[in-house]
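Labels run A, B, C, D, E and F following the written order; every chain starts at residue 1.
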Amino acid sequence: MFEITYEVVVFILGITAVLAAFGVILCASPIYCALYLIGNMVCFALLFLLFHAEFIAAAQIIIYAGAVMILFLFIIALLGGAKEIAEPSVQRSSAFAFVILLFGELLLAAGVEPTRPITGDLAPDVINAIGSAKAVGIELFSRHLIAFELASILLLIATVGIICLAKYSYLPARKPSK
Amino acid sequence: MIRATLAGIKNLMIGMGVTFKNMLSKPVTIEYPEIKRTMPERFRGRHFLNRDENGLEKCIGCSLCSINCPVGCIHVVSAENDPENRVSPGERYAEVYEINLLRCIYCGYCEEACPVDAVVLREHYELADYDRDTYIATKEDLLVYPEPNQFRVNILGNTERINNK
Amino acid sequence: MFSYAWLILALPLLGFIGLSWFGNKISKKQAGYAGCATVGLSFLVTLVVLSELLALEPEKRLGHVETLYQWVSSGSFKLDLAILIDPLSVFMFLIVTGVGFLIHVYSIEYMKGDPEYSRFFAYMNLFIFSMLLLVAAADFFFLIVGWALVGLASYLLIGFWKEKTSAVLAARKAFVMNVIGDVGMVIAALMIFQNFGSLSYMDVFSAAPDQFRSNDDTMVMITLLLLVGAFAKSAQIPLHTWLPDAMEGPTPVSALIHAATMVTAGVYLIARCHVLYELAPITMYLIAGVGALTAVFAGTMGMVQYDIKRVIAYSTMSQLGYMFLAVGIGVFSFGMFHLMTHAFFKALLFLSAGSVIHGLNGEQDIRKMGGLRFAMPLTHITFLVGAICLAGVPLTSGFFSKEAIIMSSFHAEMGNIVFWAMGVLTAGMTGFYIFRVYFYTFMGKSRNPEAHPHESPKIMAGPLLILAFFALVMGFSAHWVDQFLGPVFGVAAHHYEDSMLEAIVVLAGLGGILIAGIVYMTSKDKLEFAKQALAPVYDVLFNKYYIDEIYDFLIVKPVRAIGAFFEQKVEKEGIDYVVDQVGSQVRGISQGISFLQSGKIRTYALNMVVGMVAILLFVVFL
Amino acid sequence: MGITEQGLLERDKDTMTLNMGPSHPSTHGVFRIIMEMDGEVVLFAKPEIGFLHTGIEKTSENKRYDHVIPMTDRLDYLAPPMNNLAFCLTTEKLLQCEIPPRAQYLRVIMCELARIGSHLVWLATHALDIGAMTIFLYCWREREMVLDLNEEISGVRMMTSYIRVGGVMKDATPEWLGKVRKFVDYLPAKIDEYELLLTNNPIWLDRTRGVGVMTREEAINWSLSGPALRASGVDFDFRKKRPYSSYENFDFDVPVGKNGDVYDRYLMRVEEMRQSRRIVEQALNHLPDGPYKVQDNKISLPERDTLHTSMEALIHHFKLVSEGVNVPEGETYVPVEGPRGEVGFYIVSDGSGVPYRVKLRAPSFMAIPGMCKMMDGSFIADVVAIIGSIDIVMGEVDR
Amino acid sequence: MWDDILQFIDPVLNAGFIISTIKAVVIASALLGIVPALVWLERRLMGRFQVRLGPNRVGPFGFGQPIADSIKLFFKESIIQSSADKFLFHLAPAIVVFTAIVAFSVIPFGESVTVFGEEIGLWGANINSGILFVFAISGMGVYGMVLAGLSSNNKYSLMGGLRSSAQMISYELTLGLSALSVIVLAGSLNLIDLVDSQKTIPFILVQPLAFLLFFIAGVAETNRAPFDLPEAEQELVAGFHTEYTGMKFAMFFMGEYINMVTMSSLVTLLFLGGWNSYGLPLWPILAFAGKVFFLLCVFIWLRSTFPRIRYDRLMTFGWKILLPLCLFNLLVTAVIKVLYFPTGIL
Amino acid sequence: MGNQFVLIISASIFCIGTVGFLIRRNPLIMLMSVELMLNSVNFLLIGYSSILQTLDGQIFALIILTVAAAEVVVGLAIILTIFRTRHDLNVDHINVLKG
């Protein structure tokens, strides 16, 4: 019984995520695009919850929806969300064609049986017993330490980069009188 | 820097202390409609036309008030007194005495100009009303009645209108 | 048991952080005292550690790893913030903190006029900390961290007078040389990790003898790579060129770098890794050979220099050669002993030289000195003490340590007559060049009438006297040092008695002094012929065997020449023409197809997608 | 990137024009500033005034001298006695009449009370602009006492019209003087309380220090006056430099600032409140007896009780009320030190009972260009603080 | 057929589900009911701080005032300017209220009680990483403000929206990091565990700096004075809700007050020991409510005392003072914990 | 749900993101499309992490999250800088790289 409910919810959320993704690329106004993207991310976060990845779900919401998308809105507010009128072109049609091809290929690839499934022993109940955050933490700081450190260095570099890019002197002056 | 920070925190705390102290003090407001201030003697509120001890109108219609009004809000038309039926003790009396209270700036110049202490500005200050027409105060509105209450006439505010035109 | 031992490291680090943060907020005096106090306290803690260590049975003194904090524990890779307490490291602690403290005290007065006083002490503390970290490391990781930090600190200190171009260049040179060494070290560490799965000394040294045969390729490789680092840090041929240039830094820096700490790191490293080196006798021979060669080589160069500090610097190289010779022939404890005595007398020499320079207001050229024995009696005596120790006059510390090494170079298992001969030759040259400096500086008459030398203040004299005392008497502690370090190296080195050889060594040293006396104390004219005859040799020596020039000639010039050739001939006349032609032809074609390079991101992205489709096609269906 | 003219023009494209006012919570009346903003930073600000235009100067040309006085109340409505005084002093200078000392002292008391009241309102609103809400009501509490005093002596809380040509409106009663003394004794503790809340408060310092800086030269060149001028380090006060109305008899200090920023202006005004209190105290202690207005019935109305007994008084009364004061031909200007700076009337008389021309030198009006200069490069939050620190009153700006 | 359907919905109708539903309804309506009370409290208390009385005309002590206000706001015409983006304009206040209520749903306010044989926890939901959930959801709340600013087509609103987004991003870091130092001590992300680990002493005594930082950041997160920059009425008229009227305006208010309650509860849970009464003879829930009430009063007290911080100073304060302090505190806490209390403190 | 579902959803969102990147001209929306693509990969990783019962996928997702945050921030800064210098947000007009 519970299984069916679970699957139904997963299915609905998945479909919603896809629809939201369509919204992102089809809306004319960047604000709505951003909103749809937030919707997509929230759906994903809920799916992560259902996949027993509580910590990632929370991180997804806090980082993506809470910070990254706010930045998007911030920039949209700064630059003004001009609408974009779609016009057919060779570029567009070829893009559609190739991406549909790609999608087809991906679907076919999905049919290929996994050759080397590496399974672990961290069943949901095991993770729940430890706590998702704790489990991820243990894993992150033991086996994936190097990746973690590299990611932190990447963040540092990004910080420096963004400061260099966005640094902008405020030296206001009186408008020359006419 | 640390010292500055600590001093800053201290001063923030002092500020909070001041507000807290004031919270414990008695509020300075008064609950107005229930409790009303007693106005000082010189208060320049609404105009009234005085009567003398015989119940006659003091105003003699000399129009000095009207002349001395900086904004010109007083309109006086004087008339000769009928000796049988005197309205005022003098020769003439004000047949029409109107003050446009919306225009009046309550400067008290009319009071100063009046040679017979007829027009006075008294401690009446509740002048709000919903109707603009009522602000043209006619003589009936302005005159005080000797008994039983000097301030029965009150066109504005919280007491009823006496004259029913 | 030694849980407070990390204080030894923490105190100088604290001093560094404190001085660099609050350095400009406190007065010079406070900065100087703070800088000294941290090192001094560190020395006291070392003494306490030493006393506890001595209270233990000799065989229990090994391998106390004090783990401060478990830092990284990633799968099999474990890295702890730990320090190693054993006789060797405590021995080094004593030298580094003890001599370092004296140099710090000396600097209080020496650097008095410098505007960036606190920065100086901050760097000095950093240097001491880095060196201690290097010594205290219980694994190769922190060894490398300390190693690199020492390099950094020496860079900062040599280039301390940053407005002096030569100082900055010298600092850069030192840094580059050191980094060459660091690269070797890092590769060695990676190889060690690959082979042993751990970086900890304990694991590596215990596993190595079981895992590898003698002269195993891997082992030789590791030891050679480690050696690169050791050579770079200890200024052995061919990575020695930075050391004389490093004299551009303030004199206490020279004393600190060349006497007590940095340059001895290479010797320490080999001593520390003796287990590995014993598994690679080939490398040992190499070490001994290079050490002997450097000793002779530096000695010859030292004989002709006129810069007082340079002479001492070359002598350092030469003495380091002795130490390498010692560790190369397997008498590690003699090497360490010489390291210690050298630390005392070389620091003494440097500080005395600094005192001379200080007294002459920055003059470093010995030709402009002279007759200082009257003006600076104390400095004169201390310098003389240092000189006789260095020259190996009997019963001084230098005599005991040097004699032990030279004896072993003949008698020890790996010794032979060549090493011995080079050792003796170096001993003779040592006597010559140091007394040359001595005679030039203190004897005769003043050559510079404008100089008004004055004795250095007390606070500078104190360290000089203490060092002079130790330089004279520490020679008698040879047996104790053997005993103390013996457990580390498995067995105490055997002391060889051979009065004939001993006499030759002594005579060589005394002969050098005598020749120097004859040459420089007698009238100039009589030696004119000798000068004439030896002029070519002299030139070669004075120009440091043209090593810098050779490097320049062998590497820089050819590359430049090739570059110039290619630029002038090949490129301008040959390729350019072809390219121009090709280019103009291609331009026509490319303009036709330039729509591919539209500059539009989306087009590029589309190309990427097309590529992705194609690759996926390949992967999935083929 | 250095700001060149070209650079500025380039950047104008991504600036935003923000329109502050005329109805905005903190422009202190119907004042409009058009600001070019770069994000939160004001590149330059352009003032726009005239929303409260009442035509008082023009109206005055058709009013008798004594009828102008209630109008001057409406100029700087936070300190009406100052305007009354400026107008009366000018007229009296034309009339060349000597004012009795009691009248002069009463004028001083009223003016300094008005200064205290005005500064209290300023502190209240300025602090509220910067976000401190509570001090607003504390200041209001004390200002209410000033208004009560006004009410008691003149009959009206704000538009007192108390100072008249030739003296004052009515004499002060002993009870009133007692109340003033009580107020004077009560005030210092309260000023200390405001200072406790603000002077050392780090947020307050953050918001005010280094904001809207005007150097000494700039302040003079941009014709600032009053506390704003003194905050920039110019020791100039009409009460000291050109004493009028017996100010030379009083002992008080003129505070002078150093940095010329918002904080210094704040300190100036707080200190001025203390000094004003001192002046009032001295005036109370040395209040002379005697007439409260000129005993010349051509200038001031005769006493009311003589109207019923003296025919001459009645005739004078009728004449003065119906014709007003006849001022000799001439023109003059007398400045007084108002709470915002130099207040002065320039009056041209053609000898009739009506001024030929009346011109007001309004401190707020003169300060507006300088104020907008201060806003260049400040944050939008600073704009509010700067407006508050200059303490403009739109009544006298637009008039 | 009906049997099948019943069988299908049977698990839905079991006790757990019903209790959850009841809890959700109760919590949501209680929160919405708290708002008028809080408005009343704020206005009365502000009045007292400002030596006046505050609302006192409607009902005894002015209790009826918030009700009258809300009735007024309910029936007020909702004006939408024609140039606004209608959909977002409607959406924004809903987001604010929604996230505010949802964020509260995981806040526990007492131990579990047994009613009719069912053990009922006094919380909306007890999830493992409760505190992460609160941060995540309350972080979403800023969308309401940003969207309100964007959709109003008003420059003041836009600036308010921009300010709120920048402020939220900046102070959320401080909030999270200062909470982290407590989490490090307790070793759990679960709010109930956090409270349980404060059985002996509250964390405010152990982590005073973290408490201060958390509280400051909390004030900033809820956009309360002295950090009420997004709606700074003296500068930006009313910031992001300048254009809002009627019920939608009231919803922003509701959001702000609920956030205040949430933040106070969070401070109570993390630092003041939650419902532990430390010897005082109080019901757990009363202890909790008392602490929250006290914090709410402090919120109001702060508002009535301090001037508003300037925008650039706010950013500087957040990034250059609070954040380094937080990191420092976290570092020290972590080091001490690892070195001396590897198994857990207290 | 089986792994097929995860794969299909992930693939479709990835393709949608790709299309978005290819057809939109507003760099902001292009950046959002990239986010979509990254998200779809995250979803795949976490889905499989749950199916295969290991945490490696979650770790990967976490790293991707970090990278995405860095990428967005830098990307937005670049867009802002471009807008400041060019006052134009159409990527088709930005063709400095044109050969």
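Here is the rule we use: a residue touches a chain if its C-beta (ideal position, glycine included) is under 8 Å from a C-beta of that chain, and two chains touch if they have at least 3 such contacts.
Values in this document were obtained by computation on a predicted structure and should not be read as measured data.
Contact counts per chain pair peak at A-F.
Farthest chain from subunit C, judged by C-alpha centroids: B. One finds 63 Å separating the Cα centroids of subunit D and subunit F. Averaged C-alpha coordinates give centres for subunit C and subunit F that are 52 Å from one another. Rounded to a whole number, the gap between the C-alpha centres of subunit A and subunit D is 61 angstrom. Multi-chain contact residues of subunit E (touching two or more other chains) are listed as 49-52, 304-306.
Of all residues in subunit D, those that touch two or more other chains are 134, 138, 141, 197-198, 201, 203. Within subunit B, the positions touching two or more other chains are listed as 12, 15, 18-19, 22, 28. Put simply, subunit E touches subunit A in their complex at residues 8, 11, 85, 88, 127-129, 132-133, 135-137, 139-140, 142-143, 146-147, 149-151, 158, 161-162, 165-166, 168-169, 172, 176, 188-190. Within the complex formed with subunit A, the subunit F residues making contact are 1, 4-5, 7-9, 11-20, 22-26, 28-29, 31-33, 35-36, 39, 42-43, 46-47, 49-50, 52-56, 58-59, 61-63, 65-74, 76-81, 83-84, 89.
Touching subunit D in their complex are the following residues of subunit E: 46, 49-52, 155-156, 159, 163, 225-226, 228, 232-237, 303-313.
Those residues of subunit A whose C-beta lies close enough to touch subunit C in the complex are 91, 94-95, 98-99, 101-102, 105-106, 108-109, 112, 141-143, 145-146.
Across the interface of their complex, subunit C is touched by residues 18, 21-23, 25, 30, 91-92, 94-99 of subunit F.
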